[in-house]
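Next come two complexes, and both contain chain A; in the first it sits with chain B, in the second with chain C.
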Partner chain A sequence: MTYIDDFPGEARVVRAAFAIAFASIGLGGALGVLQALFRTGYSRSLFSAVDYYSILTAHGVLMALVFTTFFIVGLFTWGVTRSLDTGFRDLRFTWGWLGLMTLGTVLAFVSVLGGIVGWIPTHAAVLYTFYAPLEASPTFYLGLALLIVGSWGAGVDYVLALREWRADNPDERIPLQTFMAVATMLLWFVCTLGVAVEVVVFLLPWSLGLIPRVDPLLTRTLFWYFGHAVVYFWLLPAYFVWYTIFPKLSGGRLFSDPLARVVFVLFLVLSTPVGVHHQYGDPGLSQGLKFVQMTSTYFILLPSLLTAFTVVASMEHGARQRGGKGLVKWLRALPWEKPSFSGIALAGLAFAASGFGGMVNAGLNVNALVHNTMWVPGHFHLTVGTAVALTFMAITYWLLPQLSGKRLRLRTLAAVQPYLWFVGMVFMSNAMHRVGLAGVPRRTSEPQYEQVIFNTPIATIGELHLQTVGGAFLLFASLLCFLAVVVSTWLGDRGAEPLAVNGHIPEALSGPEHGPSILDNFRVWVVLTFLLLLIAYGPPLAAMVQNGLFAPGSAPIPA
Partner chain B sequence: MEIHRLEKIWLAVSLVFIVALVASIVYGVAGMGVGTVGDTGQQLDPNGLDQTRFADPGGHWVDDDHYVVNVVARQFLFQPGTQEPIMVPANTTVTFYVTSPDVVHGFDVVGTHLNAMVIPGQETKLTTEFDEPKSYGIVCHEYCGAGHQSMAGQLIVVPADELPKNGSAASGNATATNATADAANASAAVAAPEVSA
Partner chain C sequence: MSTVSDRRYSRRRFLRDTTAVAAALSASTGVSAAASSPSYDGWFTGDARGAETKNYDGTTVDKTGQDSVTIEVGAQGNGGSYAYAPPAVRISPGTEVTFEWVSNTHDIQIESAPSGASWEGVDSIENEGYTHSHTFETAGVYKYYCTPHLSLGMKGAIVVGGSGGGGSSGGRNASADWGDWFTDSARGGAVGNYDGTTVDKTGQDSVTVEVGAQGNGGSYAYAPPALKISPGTEVTFEWVSNTHDIQIESAPSGASWEGVDSIKNEGYTHSHTFETSGTYTYYCTPHLSMGMKGGIFVTGNSGGGGGGGGGGVIPDLNWWNIAWIAGPSAVAIPSIVAYLLWDYHRAGAFDGVLDRGPSEAPPETTEAPPASPERELDHDEYDPWGTATLLGVYFVIISVAWALMYFVEFLGNGPHIFG
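Entry: the complex of A and B
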């Protein structure tokens, strides 16, 4: 049976979430091309250097917050109900949180649009980090708050479904996909606490004039309490795909179920007490604190290195099942023509490359070479922009038929799409990293200054700008391919032919029964998470609020 | 729990790698003295900078081998830095204090380790030593509003005897033209300033 036949109501929820995610990535991608053209100086006639910041804000919010969050809640809704083989108890609740997320998205997006469109009386050119005291319209903060609170509803749905399943199956191990979805949502609850307090307690009342001042350092620290863990909220759903579906797409099965659980537990526990590594350059935070969080940052490499092992091992196992031989020749036995496989394999490759960049960013002092330069967006276009986004697109080719009952259309376009994305990103991200090393700042509409010379080794800035723009166009072409495949599949008929894919997932070589049962005890891990947070964030937050929650304070300065 | 032999080896190598990464940073901080911005313990009222060291921004000698520069980063210029260059002596300990009366800014001396945030209510303290006369660009690298793309400045390192010991930074302007020429003539070797809190 196909998912849509087993769970028609849930399938509709997933399709709705995906539809909003894909609309966001389409719009956000188009804005990305405009930014690339503007920054590099290829075209500055379409809008002003000031409008650039509203467009940049919209790009960041649509891609990093809207596309990711909607796709993730859709993916996990599929994964939880499929692996527990039970629907949600009350779909009205489910539609409720999805509606809340959608309302928040519309509010936030329209607020940003107001910066460009004269008759909308809002402004929100504050970028997706919205550091106070630059101030956006209250509707922007309200929209973000609704998006986050709505996504909490998704977590509630998954946890409730798990509890119900556990009551019926007291002695069984939690199915791996549900385990991963719940671990990720617990991480999401823990880390969004920071940004929720920042927005609801400080920024929203402050933008409404209810409180006169906020402490810029305190609000920024609350943002970064959330701001790095959020990348694991994006990444773990990609890992969910890499661990549970990718081995099957390679022709084999997962290497080790217990180690997959260990990896997710490590992420849950470690991913929040690392946020200060985004604040190495901040005054008012001690070097000791920065050092402590740097150490936890480097240790969070561990679960990713373990994942690299499992992904490659599962791939090799699959290749050998398909008749692959030799030390590396087995790579040829893999289904590179299938976009669901090739997209994920290329995403993994991009992630390996970006991991090394991340080690540079994480270095307490080495960070000064790259902090707030173009290197940083170059880095995260490889991580969230490729490892995560390309995985999501690739798995859509596999999931959408099961969610709609329709066979995938435009298969040739689909087969080319991941390669186009990868090549486009190699050009764009490489160029961004390199101008960043020369000191070119990020988040700047016209990074040319009379008084400043940027020395790029090997290639000139002009050549790197050409690579950036060329890469951006390839990426956009890839995005159009993806959207064409999705729309054409979606609008197609449900034919009589059976689907080419099915949702059956083979068992792991080493099953969950080989792992200690404490792994499934989320209570223990959540308590441990909060203990670590107390150590990592207790002292600095206590020091900041000691002289008053709102001091040293800044009044709003409209962006 | 069963763990494959190869995976055990991978795990061990990964752990060693992580420890080595942390150790390399420790060596950089403790062995080479290259740290990052810390906490000076000093907080400021962004609206009351005239009561602080930032009342009269600019550079001055605090003793024979220590030069201090107080910089105000505001929408959309550095004072000093944008309208007149920041002048600092070569082969001398130089400490920068930077703050902001309005929004968050960045203070990045391009091509050096001097790269930090400027946050209203806090003071950013950077200490370094420049090896030779040279001219550097300064960029605000945190989005700070509509004019952010224009926020930049210049830092000129001059021989220590060109900065009068008893005058303010303003009198240093008289020698700015000369110093710029000197800096342009200076060798292009990259200085590696040390940054510490």
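Entry: the complex of A and C
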């Protein structure tokens, strides 16, 4: 018996969501290579410098919004039904939200494609941070709105399943996987509120010509209210894997269940009231506000540090149970040949490295050094592009057999894939960070200027460009390995061979009974979240709408 | 109705083809306008409201006989981006004038209009990318200005009528306005091989311009230097001598042509299909001082012809977009409703049996047996010293890296906020 035998209907939902996620990452990866080739000047003949922005938008949207969201709703659907041991009440509702998300994705993607393909009458070269004054066709905004509304459906499914379970088990602690999934979806509800208002109230009517203009500062602020918390919406599912599955893959048990709950509560409460740290360069926001949100940003380092400790300690526990000895020699006792383990371990390593970049980005003053340079894509290809994406790929090797009843195929390819990704990303991300420090701008198809020479202290720009392109090709090769493993596993016969994995997850060393039960009271945490939001965003938003909802920053000059 | 920014439509290709035919068919009986410039009763001088309009040099640009005309709002002039360009235009009744905002915070207030006119201008302040169109039917003189920049002389006028019959001449007769580009007063000096004629190639699919042809005291000419084409025409530039490029001096907003940035030699060719209407000017970097300059005038946004036939009116793009949105939902919503009805019906009729999936159960999966650890370590026996070591090392690395970043990269490089 495995998951698909217990929950065949839910397993099909998860597989469908994963299929769309994998198609997106495949396509997005191909576009990523094209971008790397174009902006480093290796190939400028494939498309025009203007089309670059449509392609970049497609890459960002497919990777950061489509791949992540579909994988996450699939992963949580598995985690919630598995840990509560109940299916969803009505799978038609479940297919409904998945269908809505899919429709939205197609609409948004076709809108972006219209910028490149002449006969599609749309355009959406607005980048994945789609705020004004850049304007897309209404279909793009509508598509994204449907994607988000659909994902709300997923949250509703999880919360309903939890309530039903709660009615049957009034005195038990919420299973950890469900706790994490619900906390993440609550965070998602809170933060998507901002982008929903941005899209539905402003951008959509504006792009339809119903309102003549919007206030760029207001829409940017609404976007970043969402835009920072969204990174935790990507990250927390990776943490979900790190906390609940990774210890078992290392051969051990989770170090502390209560600590894991504290971390997720901290993220729920703290991740939204810090969005202004993406607007350090924006005029119209006071320096005081930026300073306050910078301080709160440093607070969110705390739950990530707690995570580093708990996850590494759980891994060490596994190593010692496998016979590992010494202060650091135990690392060698870990199952590095298993891609589900190695992928997550490397993802964690990339995340640790990105912690440094994150500290630099968050500093109000140091940020000026790297703001809008290639440093920033260098940073987030380590976080969402590796810590999250590589974790998702790695756990697929473990999950897909249980979701399909098919044994994993092409296991050698699977075993090298995480290493290939990691090495490729070390090259690409390092080169991006360094050209960024030299001042090379991000989101620029041809970053070269007559009067400007970019100075790099160690390697030349040319060498760094070579590293970027080389890294991009390694990443793409890794992606092809991953897709080959997934597709050939998918084509196998169900139940033909015994699986090489099992879905058993051992209990935590320190169980939930060691933590206070208020941790499980989501009402308290949601109320607290809204209180903090009111303090953080109330005054600036009030100031922005005072001169009219649609009036841009200042009055015309000279009057 | 106002629309924002230029968008691509498949219709454009269609219109180009049809209007090329129309242009070929329409007899070019256009009467060139030669009516004398009106004085506008001093509207452009400092005696009227606001300051003198410095970008008005006494000429009224003649656009009679065209279906559509563009006026830039916020173009360069009057000491900044405070001009309507061109400031004074003569058109035929029935011409659609499109005002394109090319910079921020301008409006169009009407100072005076012929009685019975329906134009209301643009009351609100708008920004770059905004457009406003109006078809002028009532003959007479319209005067307008920009509220925020009236005091800088941002004023304009449109004369409707007074020359060639309404739309009888094709867009071919629109005359190109090169400003002073081919004269001494523009950079690079006068263009020797420009004799005042603009070669008319409207309605053609492809046109060739030679780069480095004889002229300007050597092989320093574009031939022909001044060219008029219809939207959708592909222009091929053929290098007939060495070391020339094509730098763009000016292009209409929204145009995608980028010229040829690098120096090329004989035998090289470069092609571009010009879709955006307006005036393009360009020059050769090495030979600018010899007068190697050129211009292309792309006329009429619904094709070069469209005269007597009255070119098709492009449907407003809001409707296009609404249809594009409504289409999928119009299919999706009824299908979902139909499915649900069918599903409920089926579930009722078969008592939920079919909902349970196929009758033949798939083979059950066997999982790997859970592995038991080499040695069981429980909570009290386990102290994560290895973890503490690793994290300690990590903190040291990250602190050193941050210090380097802060004190060397950040404080060591200007400009920054500490002196």
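Methods note: the second predicted complex is superposed on the first by the 550 of 559 C-alpha atoms of A that agree within 3 Å, B and C clash if a C-alpha of one lies under 4 Å from a C-alpha of the other, contacts with A are read in each partner's own complex, and residues count from 1 in each chain.
As a convention for this text, a residue touches a chain if its C-beta (ideal position, glycine included) is under 8 Å from a C-beta of that chain, and two chains touch if they have at least 3 such contacts.
From a predicted model like this one, the values you see are computed outputs, not experimental measurements.
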- Message: Tell me the contact category for A:306 with respect to chain B and chain C: first, second, both or neither.
- Response: first
- Looking at the overlay, what does A:510 touch: chain B (first), chain C (second), both, or neither? both
- Message: Just checking: does A:122 make contact with chain B only, chain C only, both, or neither of them? Give me first, second, both or neither.
- Response: second
- What is the contact status of A:198 with respect to chain B (first) and chain C (second): first, second, both, or neither? neither
- First (chain B), second (chain C), both or neither: which does A:359 touch? both
- Message: Let me test your reading of the model: by the given contact rule, A:8 touches which partner, first (chain B), second (chain C), both or neither?
- Response: second
- Message: On the A-aligned overlay, A:251 touches which partner chain: chain B = first, chain C = second, or both, or neither?
- Response: second
- Query: Which of the two partners, first being chain B and second being chain C, lies in contact with A:369: first, second, both, or neither?
  - Reply: both
- Query: Touching A:285, do we find chain B (first), chain C (second), both, or neither?
  - Reply: first
- Message: Show me the chain A residues, by the header's touch rule, that chain B contacts in one structure and chain C contacts in the other.
- Response: 49-50, 133, 255, 309, 313, 359, 363, 365-366, 368-369, 510, 552, 557, 559
- Query: So in the complex, which bits of chain A are touching chain B?
  - Reply: 49-50, 53, 125, 127, 131, 133-134, 215-217, 220, 255-256, 258-259, 279-287, 290-291, 294-295, 298-299, 301-302, 305-306, 309, 313, 359, 362-369, 371-373, 438-439, 441-447, 449-455, 510, 514-516, 547, 551-554, 557, 559
- Task: Please give the residue numbers of chain C that touch chain A in the complex, ascending.
- Result: 1-5, 7-10, 13, 105, 124-127, 129-130, 148-149, 151-152, 256, 258, 317-318, 320-322, 324-325, 328, 332, 336, 340, 343, 357, 362-371, 373-379, 382, 384-387, 389-391, 394, 398, 401-402, 405-406, 409-410, 413, 416-417
- Query: Which bits of chain A are touching chain C when the two form their complex?
  - Reply: 1-2, 4-5, 8-9, 48-50, 92, 96, 103, 107, 114, 118-119, 121-123, 133, 135, 137-139, 142, 207-209, 212-213, 251-252, 255, 308-309, 312-313, 315-317, 319-323, 326-328, 330-331, 352, 355-356, 359-360, 363, 365-366, 368-369, 402, 405, 437, 494-496, 498-504, 509-510, 552, 556-559
- Sites on chain B touched by chain A in the complex: 1-4, 6-7, 10-11, 14-15, 17-18, 21-22, 24-25, 28-29, 34-40, 43-46, 75, 102-104, 106, 108, 110-111, 113-125, 137-146, 148-150, 152-154, 195, 197
